[in-house]
């Protein structure tokens, strides 16, 4: 068996880069820190590819299944005899796959950023944060236990926070970063409580023992505990809450669109390709537990995913900020992945959804990163995010145009591009499990095609806008990643995913079910594209008229169904005004007031009784005598023992 | 009667001789050179102090009318120690113009009251107790009224003598009933015949009221503040420290030896009085501006704490009372020492006047702070130990709630002590008391106090010695 | 009713009445004289009880000394025929309540008490015994208090002088 | 060699040195040297302790020294340490060291300032090494009083009121405590024999349950007041807000820990039956503390108030964990004490430095400071992240240990309050981010702030010391956790004997 | 028994005298009359002592001597008190006790 202990380096190298650039970055030339960051990641990427190669091709399978390999493990903190947090590296198909995704996208983003961020203040800081993020994300996917995952989960959150708030002098960026952190933090609360319950029931954090289908862990806590669901189900739903937060599932999605305030490479890396799929990864990690001991939990996953994908797609159709459109599209696509997991069963062909989800995760990472980076290139050249201020860019930005088109085609599910395959698997899985969800997802596929091409046509065709500065193509550092990712988007669909990734690690065969899945899917996709073509190829008032005809619905969708406002109301009004303020008031006036009133009472008593000390000798004598007499009476008659 | 017997009561004898020597010296020294008396009297008293520490016999004299034991000797030594500090502190005052012609009278009065206290401590019968008490009180009134041309001083004098007279009338009414029910005024005999018949209870309460007057326990305390405020500073410190200490000593002795059989009466009595005293003393102290008056109320509150040890009614209790009084003497003398030094330099004795004192007279402020902390029972000064042991004594007897009330009161007391500290250290003042040099005797006195404050606490031998000698009681 | 009893009633009535008059009379000199009567009546009681020496001391020291001292000081500080305004009613009420309550308490307690006479045989009180007692230092000897009271008197003298004497101020 | 007593002797010598020092510069240098030595000594102590343990010394307390003091009351000067006290001593040494540098520029009565500060630390060190309730209480009070002067003289705002309130409330607490200690003492020999103040000996006897019922609440509240137990916490916001930098650091960083430490070493360890019986009351109070403090912090505008309330929340968690009375939770409690000590000290140090430059602590008057003082800004962010429990920093380790420990209880009550306590992590995030956002990010609101200087060397030294300590614990918590855990064993054993 | 007069009669008389003194002490405004009240009180106690001695414990003279000493003490007390009263008179031009209340509260 091959030793995988070198995989520790994949995690540690970005950490060292972070520390190095973070502490000394301000003393270097910006470009140096960029190069250090990029090369660090390049090494990590190479190591990852090597790992993948070793794992999938040079490692012995037992019973045909890929083994979970504990490449490295050390006790980090001991809670009780049974419960201890380990730090380690777990190698298994999905973690290896994630390694590839993360290092690839991250490397591309690094390269891209050298161009994109050129001349920005805080260049070194940016790279430091990117490395920090890569470190955290890698640590997350390689986690050997759920708690290690939680640790890196939090670190990922904070890197995301730092990167969203990268332009910290911009109030909107600051508030977006805060929002992202707090919303995900809230979700993490669920995650943490989930872990508390789960670990208490199963007595372990460890993924291997948790997900061991024949192990003791999976069989525990199945009794009905609360509201008709078992403890295990509750804990897993809570864990999923964490995943939903990170993956921007409804209703914890509100942070994602705002997160686009961050630099665009960040959006590509974190909010499209890697971090946001952590939730999916989490569910996939614990999939055997979900599938076997909490199928109800899996239902929740499926419905949340499905609703989110629909919800996001609808909103995406109305947005004008291109990054926001992409953000909603991300949310929608992650919904797909969740659906896939949700409808999946465990083992063999039953586990098609699981495989499809991972597959889609993979392809999505490529094309969504491409889309974001493309959008970045566009924004970079026209200095605006709004598609209303764009148009006809195909002449100015040829490479961007082509790659962007490829990405749009991919996401729209045009046959033989990567997403066609992965989406197809998802629909297949849904079709065999839950027809309602299948229909919804099919509809969403159409919507996706529509809004993506709405975007595409508005940017590259439509009217010829006059620009202050003539837009010109981005430098090579930026176009190279675009091209690379475009290639990946086209071809990654041909990877025989089910050979590598499956719910029970046993490879299985898949084939495209043309009817009734692939064909309808292609048809809705084309319908969407055509609609977009009609409406947006040329400048026209048609979209406007359509919007006006369903005014209420349109306005709601345009305003994201007022979810921000609702949250604002809850946080600002309820928590701030109706909880915190009263608490603060209570503290100042009641609790503190009580303490102060003790002092006040003492003082007042002191003033009130000052008359006893009147300076009148005879009064003193009177008190003296009365005192003696009273004591006499008291002790002679009342205390007469 | 032989020489040994004389030696047995050497404290009183030597002191009497000294008193007479001062009297004779006073008569033979010319008016303009009266100030020489200061050195003479102080030296003589220092000798007396040293003689007091000689090892000595213990026993009874005059048919048990005079008793002495190691504990009583120690008490007398403690008092002597306090008095010498007061004498040193008084030098500045005595040298003022107004006092030029009545220097020796001060010493005579102080010494004779001290004789009274020492006899009181050694009393073996109520007669001696009464006489000692009167000897300690009557000249004291003259001391209080010493500043003849100050209204307040005269007022203090009359308030002291009249209330003292009344209280001693009540006291001897009690003694008369004690005599009537037991047929004796001798402690030993009384102790044998005492029980809790109503008349004896009444007698005890009347007696106790009289003693409580001297220790300023509520509600017999009302004279205290006025007298303390009006008297010359050094007399106030004498009153509050020595006179009170001596009375507390004898009260403890009497309670433990004579009234031991009615402990079930006086324990609840002490409980009530203790709570009242601490609380009322504190409540009044909070609002005071005049430092002497302030310290008066604070010393009332301190008396309440002493009762805690008494209520413990055990060896520990006894020890802690004596120890606490020892500590209290040093703490209070430290505070009064500073007040007196400042008063005679600047005629200022209000807390407001002390604003910003630290910036001009840091050393005095520090001494004051230490003394106040000791009174408040804050470590590392001795007051902490004193209070802790008192509380231990009361707790050992199971009076937890009393201890709790006491500690709460200690917290309140900390508040007003801190007010003074705040004035000195924190408050801003445009015209603080200007820097001045402290006279040497006063300085020595303050140094003794400060050393005492630290040594008494940390040097456990003192406490252990007291315990070893209070065993017999 | 024996002569003794009559005498007792007379003197005790005098004591009580004059005591009350002493503390209520609004003329100070009269009060002093009433006090004198009280003290003399007391001395009469001592005679009745066969303590002649004490009675004599009472007469000379108390009646003769203190009252005279008081009268002198009255003359020094007040007009003889000055009539006090009567004290405030409230004050009187309070004082009366306290006094009456106290008296009732003490008297009831006294009356409830059974006094147990000592067993020793009565001593004949004569000057010889008194003199000897005053200078003996054994049991029932009063040499020490006697000396102590001398110090007290000396101290009181000094005290009185230091407070009251006029000093030549330069 | 009696190395523990040196922990008390060095500060005292330093104070004496300061007294003879001629000018402020010498004062500072002497303080720094003294506290530096103290830090070295503390570090040495840690290693010596671990060495002894590794060498197989299984005594409950190491480096024992015992001198009879007041023989007749059986009062000893008795010192000794276990892993817990060693950890606390190390914490104190770090915080005091950082505090000296944070107050390097005190120019009003510097001599007195450092004397008081070091006296305070003497009390704290003494408290942690004491094995005798008497000396423990003695040192406790020594630690409290210099606070008054420190706040009163060098504080800001309504300092006199705050100083007085703080002192009185703490002294009120110590009133309860004193009664509790005396109660323990008088019941320390139920089977006859000599009464004792010695913790280890008291732990061996079984104090009658009636006495425990009376004295447990007293002792616990007594210490709890210092540990900012709801509703006795109100001294904390005012006190912290008015205190000078180093004092806030020391107070929140170390002094408040006396509460938690005492609560478990005295209240729980010595009175375990009553602790079991009555813990539910205090668990409710502490869980209120945790959430309440966090909510209270959200709307505050003054940086110090925010931190003070956050301390209420965090220290509430300490007491909460102590009351859970199992090894993991208690382990977490100690970790939380250390962690909170470090990060809150860091917070207050930074607030002091920022205040020294901007002359305001109102977050709505500030903004964009990150741009002008990146070092302080970054440090503040790190402190904030530590406070909201970011993995890799100490707060996370402590909080997680507490939550998992607390969740070991199988009954509904404990689990529900645990979940309540857990929820505080979100609220913490809210107020921390609010502060960080308002303070450091966004545009610069006040043009005067454009030219502020970043940290000076001594400030950096102070900050970096603390950050390193925070990160060290956060990254490699196991040794510390084990060191504490081993020492907790006797306590747990004692508790487990009485768990029905 | 003795002389046919019960001991209680004396004691009651003395008590009444004592509390008359108390009443006087509390009500009289003139300092000298207050002093007189004190003398009444002391005198009443003397009667107690003497009566107890005579009736109950005639075997010794403790009560007798106690009275003797009380008389002496009373004398010296009166002396000092009067001295102070005279001093008060010089200072306040009055010996009204209600006017000597400069210090209070």
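So that you can tell them apart, the chains are marked A, B, C, D and E in the order they are listed, and the count of residues begins at 1 in each.
The criterion applied here is as follows: a residue touches a chain if its C-beta (ideal position, glycine included) is under 8 Å from a C-beta of that chain, and two chains touch if they have at least 3 such contacts.
What you are looking at is a predicted structure, and each value in this text was computed from that prediction instead of being measured.
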Both-way neighbours, i.e. chains that touch chain E and touch chain B: A, C
Neighbouring chains common to chain B and chain C, by label: A, E
Distance-to-centre winner among chains (Cα means, whole assembly as reference): D
Leading chain pair when contacts are tallied as C-beta pairs: C-E
Relative to chain D, chain with the most remote C-alpha centre: C
Farthest-lying chain, centroid of Cα atoms versus that of chain B: A
Chain centre separation (chain C, chain E; CA means) in Å: 5
Geometric centre distance via CA averages, chain C-chain A, whole Å: 101
Distance between the centres, which are taken as Cα means, of chain D and chain B, whole angstrom: 42
Centroid distance [mean C-alpha coordinates] between chain E and chain A, Å: 96
Junction residues of chain B, two or more chains touched: 127, 131, 134, 138-139, 141-142, 145, 148, 157-159, 162, 166, 170, 173, 180, 183, 198, 202, 225-226, 287
For chain A, residues contacting two or more additional chains: 610, 613, 615, 617-618, 621-622, 625-626, 628, 632, 636
Where chain E touches two or more other chains at once, by residue number: 18, 21-22, 25-27, 34-35, 52, 56-57, 62, 65, 69, 73, 76-77, 80, 83-85, 87, 97, 100-105
Interchain pairs in contact, sorted by label: A-B, A-C, A-D, A-E, B-C, B-D, B-E, C-E
Chain C to chain B touching residues, read off their complex: 105-106, 109-110, 112-113, 115-116, 118, 137-145, 148-149, 151-152, 154-156, 158-163, 167
Chain B residues touching chain D - in the complex, by the definition given at the top: 316, 319, 373, 378-380, 384, 388-389, 391-392, 395-396, 398, 400, 403-404, 407-408, 410-411, 414-415, 418, 421-422, 425-426, 460, 463-464, 467
Residue ranges of chain C in contact with chain E within the complex: 2, 4-5, 8, 12, 15-16, 19-20, 22-24, 28, 31-32, 35, 38-39, 42, 45-46, 48-51, 54, 57-58, 61-62, 65-66, 69-70, 73-74, 76-78, 84-85, 87, 91-92, 94-96, 98-100, 102-103, 106-107, 110-111, 115-123, 125, 129-130, 133-134, 140, 142, 145, 149, 152-153, 155-157, 159-161, 163-164
Residue numbers on chain E that touch chain A, as the complex places them: 22, 25-27, 34, 97-98, 100-105
For the chain E and chain B complex, residues of the former touching the latter: 18, 21-22, 25, 31, 34-35, 38, 41-42, 44-45, 48-49, 52-53, 56-57, 62-63, 65-66, 69-70, 73, 76-77, 80-81, 83-85, 87-88, 90-92, 97, 100-105
